[in-house]
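The structures considered in this document are given below.
Next come two complexes built around subunit A: one with subunit B, the other with subunit C.
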Partner chain A sequence: MSTPGTDTTPQRKPTATPRTSLRLRDHLKKIAPFITLLFLIVFFSVASPASFLTWNNLTNILTQISVTGIIATGLTFVILCAEIDLSVGSVANAVGIVLAFFTAQDASVNIANVPLPGWVAIVLALTSAVIFGLVTAFGVTRIGIPSFIMTLAMLQIGAGVCAMLVRGQIAYNVPDVIKVLGTKALGPIPWIVIVAALVLAAGHFVLTYTRFGRYVYMVGGNREAAEYSGVNVRAVVASVMIIGAVCSGFAGMLGVAHLGSAQQDEFVDYLLDSIAAVVVGGTSLFGGQGGIPNTIIGLFVLGVLNNGLDHVKIDSFLKVLIRGLILLTALIINIYAQRIRSRSLEE
Partner chain B sequence: MQARAKGMSATGPVLELSGISKHFGGVNALADVDFVLDGGQVHGLVGENGAGKSTLMKIIAGVHTDFEGTMRLDGVEVRFRSAHDARAAGIGMVYQELSVVRDLSVAENVFLGRQPTGTLGLIAWRHMMREAGDHLRGLGIDVDPQARMGALPVGLQQLVELSRVLFSGARVIILDEPTSALSPPEIDRLFGLLRKLRDDGRTIVFISHFLDDVLRVSDTVTIFRNGRKVATGAAANIEKRWIIERMIGAGNDALEAGYTQDIRLEGRDDTQIVLEVDQLSFGRAYRGVSLNVRAGEVLGLYGFMGCGQLELVRTLFGGLKPDHGTIRLEGNPVRMSNTAAARRAGIAFVPESRRSMLFLLEPMYKNVSISILERLSRFLLKPSREREIAAEQGRRLRIVPASVERRVGTFSGGNQQKIALAKWLNFLPKVLILSEPTRGMDVGAKADVVRIVQGLRDEGVAILVASTEPETVLAMADRVLVMKKGEIVHEFADEVISKDRLLAAA
Partner chain C sequence: MASKFDPRSYSRRDFFEILGASAGAASLFGAFGSTPALAAEMAKATGRSEKPLKAAFSNAGLQATWCAQGKQAAEFWGKLFNVEVTWFDGALSSTKQRAAIDDLASQKWDFVAIQAFGIGTLTDPVNKLIDAGTPVIDMDTLIAPLDSINVHSFLAPDNEFMGSSVTQALVEAIGGKGKVVMTQGALGHTGAQGRARGFHSVLKSYPNIEVLDEQPADWDVTKVARIWETLLTKYPQIDAAFFHNDDMALAAYNVMKQHNRTEIKVGGVDAMPPAVDAVVDGRMHATVRNPSCRIHGGAIIAGVSAVVGGEKAGGGIPKHIITDGPVITKPNAPGIAWMEGHFLI
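And then the complex of A and B:
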């Protein structure tokens, strides 16, 4: 009896045809990201079979989406709660720079950094990520600033922290552990891919199998109902904002190692990419629907697209426009799907 | 029958409606109603919720356009296609939920939608302020046209909205429940204005549950019951008792005999007081409310829409923070900073709107388990246990269809209500607060809910039922408090009560 909607008992009107087509469209929407992904893979495989469809390139794609994947994990929590975090790229950048700031740098790097043992630097960097999250959480849940605006302010504050710490310079060193995770591989698979997969898996586990995860979905699904069911809505919202910041910070640490340098404005593209990954995958912008599997599909769609465009002869300036158009398309589908869902409940 | 006891300047019929019928789905909201509105009168309109008075007024105001029957304005047959048409014809309505824009100035509210413009299409501010000021003074409303609307007391906001309707040229003004949020001096001021408007030849329809107010200001009173007009009389010649009898159909209709039936309230004083509220106040919503509920007792809280009970029950569930007063649970003062704290303290709450208590896109079992997840698991969910519990509650409350996987949005209204109730029944709460537990339900589902509530009472739960429907309160309560304009005004305990007595007290 687990097929919602197939029975006819409490329906007032025998409107079988429109209901069926509604359900069909609902399903179509669910598999739309898959279809997009398959289409892209087939398209690029045909367009440049020699370079796109290789083991090496698969590793490339996976590596390219790893940092985004870690950020997108936190962002999935945030968006499922019907909030948004625009500061992810900026927080990633700032935390990466904090990590470098507390690591010994070459004499040529002229910043007033404070060299500390590697693990201390890592703890301090993660602490800074938590602080970013706490400030955001406080602004959103206690003061009542919409997360859209609050995180816009945090975006600027993150950029400010970056600027203050590196003062226009570039730092290159990070603690060894992070360096290994960011640049080395375990056999054929880069460590950063493994870490991203673990973070995504952990996110999925929390969202699907824990009480907190259920609260995230319920608060996103209907905040008022969660409140009147005795769920501490503020605590849940605060938690997802902190999770978002910590994921971003962790991604920033690995990203700095992976990119080989810590400098201002290094993570600008990650904001758009991580939001796009979550939304393209089909997680509802209104909260409550979606999850990490959706985000993974979204990551692959973006990864394949970004990577594939490098393999075909295309104006590199056009790539920027294409990314924007893809995101717009995903947003349209996302909003449209939400409308179908709510309509299917009204009859 | 048309009396002109007070309306000196009555000028004959302005609006004549005949044979008006209106259906919503299969429900007859109005059946063959004839209604005449004389000019220069205040016409009171009374009846229970769902009696048809609001529907009729919405037809007159052009909100409902799909109805049977004819409407004549000044003797000419009209048929409004929209509220805009009705306004253009000089009919304006002031709703109970004011439609003022709180962040604009008083003058902008008066001119809302038709701000005067000067050259270049810019708004002529000085002109607007002056005009609005003159207009308000002309009506005897003393308010600064530059003041921000939201900063004014509700009573003044209402007068400004009324002045806007007048300013737009309305000759027939319909006021829906205008006194429910007003203090006595504010009511005096409103009534003074209404009499002045009447004497100027305007026609006023006054819809209200407050019969004393209706009798005080009206020239004529019309009573509705079950979509029919049952009586019209001159206010000077009738009294409250007579109106109540007609509102609830005393002796006329065998079907409605039950309404006047005497119900013996048997309060209990042998059990522990579980919930005790002392001198609780919250803003304008309610003041100095004290009450207590014993274990194994259903306390009914009856009052009209807007009497403050919605805010009161939310406060008791930690959703609003009271300005003053204390809440005690089993003798110990509790401070609830949020609803989770209230739940942990053993308080359960089912709000009046299904939309604000259910997750329509989620399966039934997740809706049932949401309030008990903390009891089921420390960290990891136990979905099979959740399904088991949901299935068990489904059987107990007769929720159909019996599928725990089904999305809640696809259940019928009555079953949704039961699901909302079910989430609190796995582990019995100490206090169960129900707001409008049977609103919009069919008879069978209502009986089920009454049965469930009585079962819980017999298990020792302290239950508070807040409702604007007398039947709901009478069907469930062992003791009844009447709330009026934010205060508890009457208690019925250990006595014989009936619907008319309840209405008379409110």
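And then the complex of A and C:
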């Protein structure tokens, strides 16, 4: 043991890391996707100033991420709980088709549908979304099927429901209120953007300001600890699976209105897009970390990237590669930011 | 297997570059200020635009060889007619194509040509373009039912005709009796529905032909292989098979070969170069040309005629142009291959 006066080795002064620097590192994981987003905006603004930086185009981007945004809200709950839902696109498709199935169609549409009043069709469609969620929740929490496998089966079931209801045909009509939400605008802002913003805001409120939201983080962060703390883990996991299905179903209803038709295999891409939005935004696939603000940034990263590439002149075949490389870069930045943050916390 | 018919034929390119250069000379004269009237006259004679036109194209997805060939054709004919073609890939996805067309509609174009991946999914942005006065040419698949959207013209083959003509060729090859299989594309695809109708319309007249199976393989060659493994095990006699496209037909042929069942007469649709090769060397009995080059090249000419010649839909150009291609069997296969190589069909 060294005593003052006898120890001649130079004492290493404790590094006085400025508070702001610590805070910056702490927030690095949140900032990293934002930096990627800023980079993309600046890049596309310089590359294509005439068409990218316009109000019309901003509306385009917002509209394009709206349906994904609603699905991603539910998926954020699921992923925060360290679960996954691979059926979101399929459920969205099936619920959209259920809605169209119960709506009067033109004579040229060759589907044996059951026309009902608009509000009944909406209620039935939402009920079907809840049923999808309940079945998934039952499989995951009661039977004990891993969510990856259970939702893979639900993906097939959703696709089967779509095929059975439309039998290869296309339906065009949905109830008026859904059509307004999917295609019209309130002033300069499309309704679908407003609805997506409200859903994201509601998701953020629940996750941040309610006991249930804290349980979601606890279950995702450390399931055993949550269980020992008296949290009903099964109920929380079941709830997030149902929330995921309802968000997907609602998105499917708006998506059908927005796209103008309901048909099989229409929403296949929403699965990967919504998972990508959640993860690129910085929410951990292992649960417990992240949230709706991350998802929003992830949505914008994907939206700006996809939209921006349509404004610059590059080979169509190259675009696919560039999209992948930029996403990979964003993920690498996220991982390094996470490491720097972890190191700063250890210090 | 690599195609014997390379579309990048240098002799063809040379020939058309000379043709293009003669038209380009018209613009050049104008640029030097010597005889702008002459330049205009020359451009008019070739139907080529004096000033470069900007066109946006989108088809179902460049992953599909038919669509990739269409892109080459559009760019080739675009160069000849002084049209700068910008491509918006549909990526075989309704949602991705919708986003691309939304982006396309927020920019300025002289004309636009679209093959929709999903009917009815592009109506809003296309109407926006049409309302802004941009001629929109619909290619191959309906953007929306023709009475509900005012496209400049719709260039498409008759899928029912394609299905019936190849089925007819197969039926004749097996002497009007026997056991046949139809492997369908995706059931929701209107093209597949038309081809299936064509198949059934022919078989109605042949009571001695039994249809063993009509499963859809969703254009997926892996699924085709799986289905055909089962069919070949289950049925000791299959005389002919009709596939809704050539990729599926060729995938199934490989399975037949592994089972030593190459006596089955195989028919497909599209007549892409590998399938034409297969007809020439006898692996396939027949295919029918779904003329990608004619449709995409035709869209360029329709667009230029609308912008330069002031052609109006329903007046100068019919609202619906049927672009059927011929059935391809051994005798006409080399000629079709040559025309495809030069983006003529």
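What we mean here is this: the second predicted complex is superposed on the first by the 287 of 347 C-alpha atoms of A that agree within 3 Å, B and C clash if a C-alpha of one lies under 4 Å from a C-alpha of the other, contacts with A are read in each partner's own complex, and residues count from 1 in each chain.
The rule is simple: a residue touches a chain if its C-beta (ideal position, glycine included) is under 8 Å from a C-beta of that chain, and two chains touch if they have at least 3 such contacts.
Small disclaimer: the values here were computed from a predicted structure and weren't measured.
**Q** Contact-wise, after the overlay, does A:T329 reach subunit B, subunit C, both or neither (first, second, both, neither)?
**A** A:T329 sits against neither subunit B nor subunit C.
**Q** Report for A:Q156: first if it touches subunit B alone, second if subunit C alone, otherwise both or neither.
**A** After superposing on A, A:Q156 lies clear of both subunit B and subunit C.
**Q** Looking at the overlay, does A:T127 come into contact with subunit B only (first), subunit C only (second), both, or neither?
**A** neither
**Q** In the overlaid three-chain picture, which partner chain does A:Y172 touch, first (subunit B) or second (subunit C), both, or neither?
**A** Only subunit C is touched by A:Y172; subunit B is not.
**Q** Contacts for A:F317 in the overlay, against subunit B (first) and subunit C (second): which applies, first, second, both or neither?
**A** second
**Q** After the superposition on A, what does A:N306 contact: first (subunit B), second (subunit C), both or neither?
**A** second
**Q** Is A:V268 touching anything from subunit B or subunit C once the two structures are fitted on A? First, second, both or neither.
**A** In the superposition, A:V268 touches subunit C alone.
**Q** In their complex, what parts of subunit A are in touch with subunit B?
**A** Touch residues, subunit A against subunit B: 1-2, 4-5, 7, 9-10, 209-211, 213-215, 217-218, 221-222, 224-235, 288-289, 341, 345.
**Q** List the residues on subunit A that touch subunit C in their complex, please.
**A** Contacts found on subunit A: 51, 54, 56-57, 60, 63-64, 67, 108, 163, 166-170, 172, 183, 255, 258-261, 263-270, 306-307, 310-311, 313, 316-317, 319-320.
**Q** Which bits of subunit B are touching subunit A when the two form their complex?
**A** Per the touch definition, subunit B meets subunit A at residues 317, 319, 338-344, 348-351, 355-363, 366, 370-371, 373-374, 377-381, 400-403, 405-407, 409-412, 415, 423.
**Q** Write out the stretch or stretches of subunit C touching subunit A in their complex.
**A** Touch residues, subunit C against subunit A: 62, 71, 86-89, 91, 93-96, 98-100, 102-104, 106-107, 118-124, 144-145, 186-189, 193.
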